[in-house]
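The same chain A turns up in both complexes below, where it pairs with chain B and then with chain C.
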Partner chain A sequence: MKYAFSFLAVLALVLIAWLGSQIPGMQYLFGVAIPYLAIMIFLGGFVYRVVQWAKSPVPFSIPTTCGQGKSLDFIKQDKLDCPTKTSEVVARMFLEIFAFRSLFRNTKSELHEGPKITHESSRWLWIAALLFHYSFLVIAIRHMRLFLNPVPEWLQFLDFLDSGAMLQIGSPLLYASSLGLLGGVAFLFGRRLVNRNVRYISLANDYFPLFLIFAIAVTGMLMRYILRTDIDIISIKELLVGLVTLSPVINVKIGSIFYIHVFLVSALLVYFPFSKLMHAGGVFMSPTRNMANDSREKRHINPWNDPTIKPHSYAGYEDDFREFMVEAGLPVEKELPPKKDEE
Partner chain B sequence: MYNKGTIIPGLIIFIAFVTFPVWFNGLTTAGDLPKPELPPGGEKECVMPADYMRANHMQLLNEWRDNVLRDGNREILEIGGKKYPKGLQMACMQCHSVKEKFCDSCHTYAAVTPYCWDCHLTPKDAKSKEATH
Partner chain C sequence: MALAKLEQLSKSVVQGPSLSTGAVPAKDWMDTPAIFKEGNFAYPAKQEKVEYLDSQDGIDFPNARIWSPDEDDWKLPENWQEIILKGLAERLEKFRSLKIFMDCCVRCGACADKCHFFLGTGDPKNMPVLRAELLRSVYRNDFTLAGKLFGKMAGGREMTVGVLKEWFMYSYQCTECRRCSVFCPYGIDTAEITMMLRELLHLVGIGINWILEPASNSNRTGNHMGLQPHTFKDNVDFLAEDVEALTGVKVNHSFNRKGAEVLFITPSADVFAEPGLYTAMGYLALFEQIGLDYTWSTYASEGGNFGLFTNNELMKKLNGKMYAEAKRLGVKYIIGGECGHMWRVVHQYMDTMNGPADFMEVPKSSITGTVFDNAKSSKMIHISEFTADLIKHGKIKLDPSRNANVLPTFHDSCNPARAMGLLDEPRYILDHVVPKWHEMPENTIREQTFCCGSGTGLNTDEIMELRMRGGLPRANAVKHVIEKHGVNMLSTVCAIDRATLTSLMDYWNPGCGVCGLSELVGNALVMDNEKRAMGYGADGTESELPDGLRTML
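Here is the complex of A and B:
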């Protein structure tokens, strides 16, 4: 029922925007005020979260080591999976962020009769995640044609590639990234329903963003292909360019589907910094990925350490307690000095 | 705050990336709005109302293309006593005769490159072709 709750929440958002945008005068609320508020909460919240993380000390050197560490010269180091230098860490982070390498290593464990446990490589999650994230990126970038005037060449070229990949289907042309996003979301959602291990640990805040992104994709596609009444791209672009040049105007009637789409995107922007979607910022901040495994070369100082507490070596400890240790019969490295009065 | 040297530039890059359209447009210059030229011949009626045409002309043209080229249906539409054969050059461009001043004005603004002109000739192109043959 966790997914039903999330689904109803998204449905409620759609209804709010649909009914709200039909009240005369409310177009400015849904088309101007809410988007401005949303982008400000998004940016402010994102910076706030990153700063909060940056304020948290990392007490230990905790990079995950997934390969052979640096050792003797004739043992080959796995430089990507057990980096010791900053350049190697950068390479590891780059592949993590752009190719999701840790998802590539995803495995599936199953219990068979015996009982016997098997582990096998499972890359579907990795493929669907790549499809989903890159489609989303392309969609976000190609929406820039509605915000920029004049539209730069490279953006038109991206649009050309995205629609060209689908061999000119329909009018307006169908985009490959739209299908990629829908396919990706469908897989990521289906996985939470079908795979019982994942379903067990899925919460409403896992389903909600999936429904929300699905609803954004569907409303966007409906607006482009089906519900075109009062969807005049020129007046929509006039509003959007107005938003980014801080002089928004709504001159004509724009179809409700546009306001629903914009309201859902605003909801996503507001939700983003305070949810699991912050993995976008978190991937840069995770110490298990962004630290070098060089704890044998450089001492990692815990920032929590009280500078007035000096290191206390074993030799010093023995110096403090030697008499009591000898008395208790504990072995000591350095014997007690011979007593003078016995001489 | 730890690692200020990397986190602050990182955040600045992030904010610059998200607000890209703001500074790309130069903060307050919205640029010119397109002004499609009305038919030079002074015609007032189209096959559909202007609102519909503004939003849906691409779908109508696509439908006509499928009717004519794929189904062989060359039925001539009669709207308001005027006959319109299904065709970009035969119907639309009879009134909206200058592609550069009509079609292109909005298409450039919205960065749309319809592939009509992969096959069709604009009246201007057609004339120059005639001249060379």
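Here is the complex of A and C:
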């Protein structure tokens, strides 16, 4: 149900772009106006979300310590998993963001007769996540060649590496990142269907971006490998360079597949800041990961700490129990009142 | 409800219909209501306890009343929904963690099988991700654009009584152990979520007695057990006499003594019940032997802090006694005993909430001269840090053979492991006080340790089956080393563990004992001028008593 809804939503987007871009005069809307709007919403939305997060303070020091903390000289600190210095925190965050280190730890627990529970290392999700994200990154960078004139040499080199030019596979050359992205999406989607835990927790919000990214990848690959006759790469580059230099022009007819691709990318950009895709920003700001484990060494300040919350006072405590305390020989601040009649 | 027989429960865990055993519920989780029946919920807090707490300065526990989870009508205040949503809005502004954890989850499911409650119950809502979704769905509905536009299609859900009941059920089937947060690629910490859920529930007068009664005891008498000053003193005196009876060394301890160098604070459970008592005897023997100038306090006689399981205001109020008493007595620094959640509070919250502790000095061991820079601001060190340092400097004489009858393993308690990083100090001590010990499997120790299943105030008897299920992953790992190495003792540095693991072992691994680390230290300790009580073996030869501090004299 949930994936059907998401699938239909992406299909609807495709149809809108396909039909819409064929209406004379609408090319400008799909090729220029919508991409501009999408970029603005993406950037504005992303910044807005990050600012919103930053506005809430971090009242307490709550790093999750995943190794030995700094302690006595002869106890070896795990600087990466239990950092105390800023440089150590940066190293922890770097590995978290670029190598998905927490996911690398993943285990799979299974129940057996007995009962017996086993916990095995399980790295498939980690591998697929890396494949997916890095392919996406390479593809995004690779697309810069369409926006930049002349194309910088390093970008040409990246393209060369990615396209497997050295191996001469197919014509045009097949990008490794295209396969990586498709493979990654397929795994992440398949996992949502096959793994019963993940299937049960998945929402339409989880399937939608997968379908959307899949559709973006497929339309992009169609353009490059199959529907090439419809595509005038020169005029596409003219349009895209124009977009970047704020002087967009659409001179000749460009095939619908291009508009569909661009519209889907626009949809992704608009969707991004309002969805779970913001994990891309949030991972930098997660207090359990980006804080040093030094809360006994340095006082962490809570801006809303309420100084009026005081413990039940010792005086109040002694008043309550003075008689017992005196009788038990416990020291007291205030002696018992002298008894009146001791005859 | 009587606890299921071992055979039944063993079968039920593996074969009963649950998500873990492959029986995927036909209905979506949003359409599956929480159903309360005797045995699956902790009893609600007594009205007078809630009223008492509410009457205290600086904290609010409104809407005290008599209610029961298994009744349809929870007698919620009329505007309960408004209270909850307003409370959530406030907390989103106060806690960045909450905002980020609400927004960033991609539901990858890496956390799902990391939770001991999920592994033991197979209940989908015990997957950390779904526990958080219980709150996140409401957040999406009322606080996000997507939720406002698309409602349920975007995973949004209106705040209803049904949702509130789910919150109660599942925020009290989470022990805030943080194991899931180790594995989450964004570090989403379900402890934070559970804390928020519990805070919100308290706003509408929903809480459990097993937490609020100890918390109110602690406020008034200074400790969870409600021991009044003279009783607390009696209990410690009694333990000191036991130490003397065994070792022949008279223990000189003091209470509420001004001018002592060190204030010692440990969970009151250590002076109240077995096997914590033996741990307390270990402290007494150790401090006596090294001649530490220290005092106990009857006012700050609780290391633990059940406020942590309610809301941050009560946590702060209860914790405030430690510094207040340290200041009154004029001590130089504080040593804290073995306790899990106590150390979460002391390590991550205390200085922020009740500091700066500038009236004390940076902790410096008067025995070894070691300066504890890692606690230079908070001025409080862990007994394991203190003891490990003593051992390293050769300041105490230990005879591991006195622990020859125990073959321990070591259970990392959740909070010292994942909210402090205290992993190797206890191991270092263990290496020196027993002839031999064995680690449990690697995915069940250190930062991946499994909770006892009864933390955060869930160690109450009416939910025993839930506790035994939640503790199963821990028990199972212990069983592994029992079978492989013949382990007969589960050592730990947590007072709640000492109580709950005892029940857990009795159920899943009968015959395996539970002890505090300081008990093993006390046993192995060779004291000056000692005259150990001797016993006679079956063959008539005289020897030291094999049970050490546990010997009934």
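Just so we're on the same page, the second predicted complex is superposed on the first by the 303 of 343 C-alpha atoms of A that agree within 3 Å, B and C clash if a C-alpha of one lies under 4 Å from a C-alpha of the other, contacts with A are read in each partner's own complex, and residues count from 1 in each chain.
As a working rule, a residue touches a chain if its C-beta (ideal position, glycine included) is under 8 Å from a C-beta of that chain, and two chains touch if they have at least 3 such contacts.
Keep in mind that what you see is a predicted model, and the values were worked out from it rather than measured.
K.L.:
Return fit or clash for chain B versus chain C, each positioned on chain A through the superposition.
P.N.:
Superposition check on chain A shows chain B and chain C fit without a clash.
K.L.:
For the combined three-chain view, what is the angle at the C-alpha centre of chain A formed with the C-alpha centres of chain B and chain C, to the nearest 10°?
P.N.:
The three centres form an angle at chain A of 160 degrees.
K.L.:
One more residue to check, A:D232. First (chain B), second (chain C), both or neither?
P.N.:
In the superposition, A:D232 touches chain B alone.
K.L.:
Check whether A:S109 is in contact with chain B, with chain C, with both or with neither, and answer first, second, both or neither.
P.N.:
Touch partner of A:S109: chain C, not chain B.
K.L.:
So in the superposed three-chain picture, is A:G69 touching just chain B, just chain C, both, or none of them (first/second/both/neither)?
P.N.:
second
K.L.:
Should A:S295 be classified as contacting the first partner (chain B), the second (chain C), both, or neither?
P.N.:
Second partner only.
K.L.:
In the superposed arrangement, does A:W304 touch chain B (first), chain C (second), both or neither?
P.N.:
second
K.L.:
Would you check which partner chain A:P57 touches, where first means chain B only, second means chain C only, and both and neither mean what they say?
P.N.:
Once the two structures are laid over each other on A, A:P57 reaches both partners.
K.L.:
With the two complexes superposed on chain A, say which partner A:P337 touches: chain B (first), chain C (second), both, or neither.
P.N.:
neither
K.L.:
Could you grab the smallest C-alpha gap between chain B and chain C in the overlay, to the nearest Å?
P.N.:
Superposed on chain A, the two chains' closest C-alpha atoms are separated by 10 Å.
K.L.:
Name the residues of chain A shared by its contacts with chain B and its contacts with chain C.
P.N.:
On chain A, the residues that contact chain B in one structure and chain C in the other are 54-55, 57-58, 285.
K.L.:
Under the stated contact criterion, what part of chain C meets chain A in this complex?
P.N.:
10, 13-14, 19-22, 24-25, 29, 56-59, 92-101, 103-110, 112-114, 119, 124, 127, 129-130, 133, 144-146, 153-155, 178, 181-189, 192, 219-222, 228-230, 233-234, 255-258, 298-299, 312-313, 316-321, 324-325, 328, 346-349, 351-353, 355-356, 370, 373-378, 380, 385, 388-389, 392, 417-425, 428, 441, 443-444, 446-448, 472-473, 476
K.L.:
Contact residues on chain A for chain C in the complex?
P.N.:
5, 49, 52-62, 64-72, 74-76, 78, 81-82, 96, 100, 102-103, 105-109, 111-117, 119-121, 125, 129, 195-206, 274-276, 278-279, 282-283, 285-289, 293-302, 304-306, 308-314, 317-318, 320-321, 324-325, 327-331
K.L.:
Which bits of chain A are touching chain B when the two form their complex?
P.N.:
39, 42-43, 46-47, 50-51, 54-55, 57-58, 144-152, 155-156, 159-160, 168, 170-172, 228-234, 237-238, 241-242, 244-247, 281, 284-285, 303
K.L.:
If we count contacts the way the header does, which residues on chain B are in touch with chain A in the complex?
P.N.:
Checking each residue of chain B against chain A gives 1-4, 7, 10-11, 14-15, 18-22, 24-31, 33-34, 51, 54-56, 58-59, 61-62, 106, 108-115.
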